[in-house]
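Okay, here's the structure, questions in a sec.
Order as written gives the chain letters A, B and C; numbering starts at 1 within each chain.
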């Protein structure tokens, strides 16, 4: 079966959603599409591990271990988000926050979003990858502004403008890389195929590659949410509906990071490891600093989650800077763990918003006492995000730290750990404000339905499972890390 | 024919022809606006009338007021002599330099402004301050625009630039030439006090720049000032014509070629005059605080022309 | 086409793109700015056509047609619709006054030349020598994005950046693969359409497109 099927499934679901309008079964079609993506990812992973990278669409697409890993992560997070989305949209329709046409637009755009992300990770042609990343911006633009309030309009405007400018810079970097490949020393053959570029990398002109690397880090870094191009992130992720925030924070950021990893292999082969290392450490530490400083006085719990994403992306950047296969393996594990944990948190925040009616931290009190299921999942999610065992982020953060020390980035890792500690403190303070406390007598008891809680619990279970043992994805993880670390 | 004679001939023709150019512009404009308009030789009649009038000098003015019309006339006359109009063999060969020409023109501007300040009237001061604001922005643009042309020619001598353009005609269509032409055209409008920068026929003090400075002059002084400003327009138009479209200019000093060169210049300047008249019919005067924006834009165009001449060849 | 004619036409086309960028900085009226963008789109297409004729290749000419359709016609039309439907003053509000902005843009042009010296040196040719012009347009686009108050001028800045990148793409590579060009053009069109819808919604909610009013989300 050709690998293009993995892109076609969500596209088909988008068409179905658009044509049929919102019905309950349409929502489950979306979940099925996400499940299809996961299954496709697993199947591709099996093929890749046995027989090497798989190509499709006459060389435009190519799935290797790295792509397969990301496909699985995207698929799992999408399943959780769309699963929750079924109940979420039904509740929104019932409360009158959205209309039937709004729900139809929502479900088709989510599927298009999914399709674009899948295309980005299985593209061999880096230009196609760029097109897919820009397509995610367009698909999510209206999703962010779904609620049509002043704040969400402002957020989506900022998101589209800053995101498109960033992606435009990434395009310029792509063009420069193409230019370098056509003038490579010793006979240039202009190509945007990742495999061809990696092969020709040592012969690419250094000046051009340096300019290109800077532009690419700035450009794709905007979509990853790395400082100083992060300004759109807190607004967009906090204003979007909960499942969309989960998808954006959980996987879209990491898909953009995937693009950076792909280019890192080329740049490292062309310029040596030092250049990209320096760039990534700089933006990574800056992101950690921004997140830490703005988390302390945070008053909105959705924005708190958004800044936490910035922090984790900074950690990913520092880990990728270390560059060794072990470091990349830790980074990949972190991508998976963060995806799961952040999804659980954003979905939980959606439920909290629905029942408490406010996104202010001060407006939510005694969650554990009044609404134990939601409170517990939210609290466990926060613990997961803070890197506490038994969740997988503990193992991945330790791995990044160790690899950083081993890779000569000791001082950077120390600074990162200190900033992470600040974040820890801030999140704990805000979290316990929300969770602990007595149930007031007049507080309504909204029992959380099984359907709403199920995706949250599933996410937490997966995160724990990953933290306890990496066994199911061990081979895939190491194969993917080998690809990203430059070992053929 | 010696170079000095060529230079003298250029001055005579320009002095005679400049009021005709001004009359032509007025006539074409009138016709386009549906009026009959004054005859083309009317400016000469006005000059004759002014020369016959009594010379009035305000009290409390110094020698600057008396000397200014002479300086303005002499500076623009000198420019007419040393710039390649009829032939590239101009008197004081190497003195026909870009910087010398710009300096002479600026000298005229400054003295006219000083002459406007000298009587101590409000209009004069206002006109002088406005004129100097514009000159501060326009003069660097002239320099840069012609400098952009001098880079490929390798010399800032105007005759050398014209000769180089004759030798390589394709240079006229390069990016730096087009940009320099645009900048120079805008600056011509500013320096000669034409729309959209200044209205030469206005009588409203709110809109006066040049007219305000010369308000106190009467009789022969005014005749000199009017003639000098008409010559300024002719000089700028001639520079524009010969720097950017030099075909027809003589390259030797033989009488026949010089006469033909003069005729070619007259033809080109007449065309430019008609184009200016048509342009003035369709454009409105800019508000004064918008003029620096226009001049800054032309400065940037000239700057881009210089950048292009360095980097794109 | 002779070598000198090719170089001259290329320079004139690229120069027109840069001059249009300066016109965007210079003019105050929104309609004039959008028209300048349309002219810039046509100039871009002209550059692509010149490149295609010089290389005797068809692809750049197809791309030129695409550029005319999207950047020369469709996008300016969408923007004009937004401008004309607005009741507010049709002036872009600059934070920095115009003569200073023009000088700043000229300085950015110099910066672009300085930064891309290494790129030009890789393979000096009439096409690559004009690459700094593309980067200059990108930098001017950033400048316009950052220094104007009206939402429409933010979109204009974004489009300038995109046009500059497209110019660099044409000159540096003599055309990216058609698939990428198609995707990029489609992305641009969709982005502008999205921004148009957002602008319309913003106008209803905020009563105007003044970006200074977008102050709700803050830390």
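FYI, a residue touches a chain if its C-beta (ideal position, glycine included) is under 8 Å from a C-beta of that chain, and two chains touch if they have at least 3 such contacts.
As the structure is a computational prediction, the values presented were derived from the model and not from experiment.
Participant: What are the two chains with the most C-beta pairs touching?
Facilitator: Ranked by contacting C-beta pairs, first place goes to A-C.
Participant: Going by average Cα coordinates, which chain is farthest removed from chain B?
Facilitator: Looking at centroid distances, A is the chain farthest away.
Participant: Suppose each chain is reduced to the average of its Cα coordinates; what separation in Å results between chain A and chain B?
Facilitator: Measuring from centre to centre gives 65 Å for this pair.
Participant: Report the inter-chain centroid distance for chain B and chain C in whole angstrom, where each centroid is the mean of the CA atoms.
Facilitator: Whole-Å distance between the two chain centres: 36.
Participant: Could you work out how far the Cα centre of chain A sits from that of chain C, in whole Å?
Facilitator: Once rounded, the distance between the two centres reads 31 Å.
Participant: Quick check: what residues of chain A touch more than one other chain, meaning two or more?
Facilitator: As it turns out, chain A has no residue touching two or more other chains.
Participant: Mind pulling up the chain B residues that touch chain C in the complex?
Facilitator: Within the complex, chain B contacts chain C at residues 170, 173-175, 178-179, 292-293, 295-297, 299-301, 303-304, 307-308, 311-312.
Participant: Which of the residues in chain A end up touching chain C in this complex?
Facilitator: 60, 125, 127-128, 130-131, 134-135, 137-138, 141-142, 145, 148-151, 153-158, 160-161, 164-165, 168-169, 171-172, 175-176, 178-180, 182-183, 190, 192, 205, 207-208, 210-211, 234-235, 238-239, 294, 297-298, 303
Participant: Taking the complex as given, what residues does chain C use to touch chain B?
Facilitator: 4-5, 8, 11-12, 14-15, 18-19, 22, 26, 98-99, 102-103, 105-106, 109-110, 113, 129-130, 132
Participant: Name, in rising order, each residue of chain C that touches chain A in their complex.
Facilitator: Counting only chain C, the residues touching chain A are 115-116, 118-119, 121-123, 138, 142, 145, 151, 154-155, 158, 161-162, 165, 168-169, 172-173, 176-177, 179-180, 183-184, 186-187, 190-191, 194-195, 197-198, 201-202, 205-206, 214, 216-217, 219.
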